[in-house]
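Note that the chains take the letters A, B and C in the order they are written out, and that residue 1 is the start of every chain.
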Amino acid sequence: MNRGVLLLAAALFVLMVAAAPAALLLGMPYLLSLFQKLAILAIAAAGLNLVLGYAGLPAFGHGAFVGIGSYTVGILAAEAADGALASAWLQFPLAALVAGLAAALIGAISLRTRGVAFLMITLAFGQMLYFGAVALERYGGDDGMIIVRASAFGDFTLARGFGSYVFTLAVLAVVLLLMYRVTRSPFGFVLRGAAANERRMLAVGVAVPSYRVGAFALSGAICGVAGVLWANYTAFLSPAPLAWTWSVQLAVMVLLGGAGTLFGPLFGAAAFVLLEEVLTGALQPWRLDWHIVFGPLLLLVVLAAPGGIAGLLGRPQHG
Amino acid sequence: MTLFLEQVLNGLQFGVLLFLLSAGLTLVFGIMGLVNLAHGSLYMLGAYFAVTFVAWTESFLLGSIAALLSTVIVGILLERSVVRGLYDRPHLEQVLGTFGLILFFNELARLAFGPAGLSLSPPPWLAGQINVLGIPYPSYRLVVLVAGILAAAAMYVMIARTRAGMLLRAAAANRGMAEALGVNVRLLFLAVFALGAALSGLAGILAAPLLTVRVGMGEEVLLLAFVVVVIGGIGSIRGAFVAAVLIGLIDTVGRAYLPGLLRAAFAGPVADAVGPALASMLIYVALAVVLVLRPRGLFPTAARTDVAA
Amino acid sequence: MDKAAALAEPLLTARGLKKSFGGVVANASIDFDLRPREVHAVIGPNGGGKTTLLGQLMGEILPDAGSVRLGGIDVTAMSVPERVMRGLARSYQVTSVFPGFTVLENVAFGLRARRRISSRLWRSASTGGELGEAAAAILRRVGLSGRSGVDAAVLSHGEHRQLEIAIALSTSPKVLLLDEPLAGLGVDEGRRMVELIADIRGPVAIVLVEHDMEAVFALADRVTVLVDGAAIASGAPDSIRDDRLVKAAYLGEDA
């Protein structure tokens, strides 16, 4: 990893940590809200990065696993009005487990195909789960519903606020540490090596498909955790994260930041969230949507800087 | 029975629209290896142009022709300016870049045509109903069905019988071979992209009187068109036609009858809720089933898909 | 097991292997075997079905009919990795390494797979300790010692061919399938490659697909000639050299 990448990552972390007391002192809760959104999206994008970046598989249905995490919170909150099921001790493992299993199953089926067909079948599974969520009338169906009770570790609530913000940053740090270890482990080397040369990886005795299913499960579980945070952040249960445009946006963050790099997802999520904020404000006088600038910017990134932000800061290195 | 026949006709009509959309997509996939998410934007533009130009010219036919030409011009400009740079990129980057195009075109459309949905009436001479096999059916829908089939037939003749079609097939199977045959590949790619834009625009124009023309209409059908392309086999026009009709029928008939069937089986509010969603899921279930059984689609081609290990 | 018994039971046996690609017959019912310690060369004109045969032995290409036995066990239905774990390895005609990884890492993949530690999730993929020593030994053997820290993508063609062999050796094979190891090599490089193969042979039985006749006759204990997907001759190198059919079908074209 080179210095530019480390410096930018460190700067972002300092900014996000410093935002907590600053927001409290200056009375700017909005700042916390913005950075919390950034952190949650970075966690989901980091999960997706394992499959999309390191394993090189064009998966475009990961919004569904974020959705599974959100629905875990929403359903448990709705089913026990007294909050008996709102324990975060229960919800995080459950969400990670269900999302991980769903991802393993979807991965195992999708990996029968490759290339564009793989891209499409992952999108299709995402859409299936989306319509499945829409069918859950009991939990708001298409319109969604308010989540009446936030997840909590005992007295520590994850409802939007200072505590929840700090907790989200901690989760992001843990997820990035996990990614650091996993992508440099033998398992991670297999994923990256198989992306470089699948046939040869098989020919040295590695059962590549099993490793990829494993990567799907892990990345789905991380997205499930992000979903729990997202549900608490929005305090609203909605099928929106399962829609295919959400999945594509997650992938856009990964690619924009730098696919297959540790901090790429963080950079991508930051670029996405901060650009939305800045551009929306700047374009307000002309009643223009930020997408009119962001769209061409994405094109520019692809044509001029295919390595994303991390790539711009320096050549990525293996090992 | 009458209702069923009407649903089948609707399904076929939806199917041919899907084919018009998918044909360009599958050619661009198969020949240039491009995953073009912005294909749906051309469909949206076709519809917006139709609304605009029909109002200006006060003639449905003239307005439609102007709309078609305009969409093709946009397609050509798009290919020349940015799309060309995406051909040799990995699929992931193509998705990123063309997703950027979607965002751009959506905002452009919102700016140019306003945020509210627009509607277009079919021409007066097609406003009525016509008798098909003993049931009354809207004339305009029938015209859409016939126009779609004619376009499919024209494509078939063009690809199977003409020299241009031969070059196209050669390029789809093996780009190097096409170059060896002396084909100007840059020009061929431009022509293929323009053809795709024309078909997509035509679909938008034909669909405009059947729905509300609005920002975001492109993404909805885009996904269906991708499903069609993959089920049919990437790069296969014949596959796209079969799959489009299949998906059109499954979707339309499924939406019409699945909720009723569910109600009959599981009476009660559960069936009411699950029915429509399950019907929406049907085509994606179909896609997953086809890909699991035939990973390369119904009509696999020699087109450039990633090499299997 | 005494030596005679070992000779009686081939390490690798193929019976009635058939493969067509869209009507083109690549292998038409091929019988093939490889005895312990043997170098069995497969020669024949391009398009004769040599690479298809290797692919079927390795499990990368599923045969339309026929069976493959490895070490006395039917492996026809086994995946490539399962066969590798039973002692089969191969090299590729067109260099197939892991670009973006160091030469040392290229060899470490197979070493880890063999030691069944590829699936470790948390521990770092170190190339130190016993694994590093084993990797260094292999690189020394193929003559790439000085290049272990270099990205495999930037190696020269000759070095790529050496790495190709090193990766194949990393899984400690009992049976090695070599697909034109001399392809594209100069005279000196080719001679060194022949020496390398001579060094490997013995404990490792080798199926050698090669166009360079000098190398084939220097190394092979037995030669099989594939023409149009069929084995038209098989036997000791001298008998093949003198076989009129072979001369007509193959050697004659070269001579």
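Throughout what follows, a residue touches a chain if its C-beta (ideal position, glycine included) is under 8 Å from a C-beta of that chain, and two chains touch if they have at least 3 such contacts.
All of these numbers come straight from a predicted model, not from anything done at the bench.
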| item | value |
| --- | --- |
| Graph distance between chain B and chain C, where chains that touch are linked | 2 |
| Farthest chain (mean CA position) relative to chain A | C |
| Innermost chain, taking as reference the mean of every protein Cα atom displayed | A |
| Separation of chain B from chain C, taking each centre as the mean of its C-alpha atoms, in whole Å | 49 |
| Chain centre separation (chain A, chain C; CA means) in Å | 44 |
| Distance from chain B to chain A - Cα centre to Cα centre, in angstrom | 31 |
| Sites on chain C at which at least two other chains make contact | 60 |
| Multi-chain contact residues (two or more partners), chain A | 199, 202, 208 |
| Overlap residues in chain B, where contacts from two or more other chains coincide | 309 |
| Contact set on chain C toward chain A in their complex | 58, 60, 79-82, 84-85, 89-90, 92, 96-102, 105, 108-110, 112-114, 117-125, 151, 167, 170-171 |
| Contact set on chain A toward chain C in their complex | 181-182, 184-190, 192-193, 196-197, 199-208, 211, 214, 318-319 |
| Partner chain A, residues of chain B touching it in the complex | 29, 35, 37, 82, 85-86, 89, 91-97, 99-108, 110-111, 219, 223, 226-227, 229-230, 234, 269, 273-274, 276-278, 280-281, 284-285, 287-288, 291-292, 295-297, 305-306, 308-309 |
| Sites on chain A touched by chain B in the complex | 52, 58, 60, 109, 112-117, 119-121, 123-125, 127-128, 131-132, 134-138, 141, 198-199, 202, 208, 244-245, 248, 251-252, 255-256, 259, 288-289, 291-292, 294-299, 301-303, 306 |
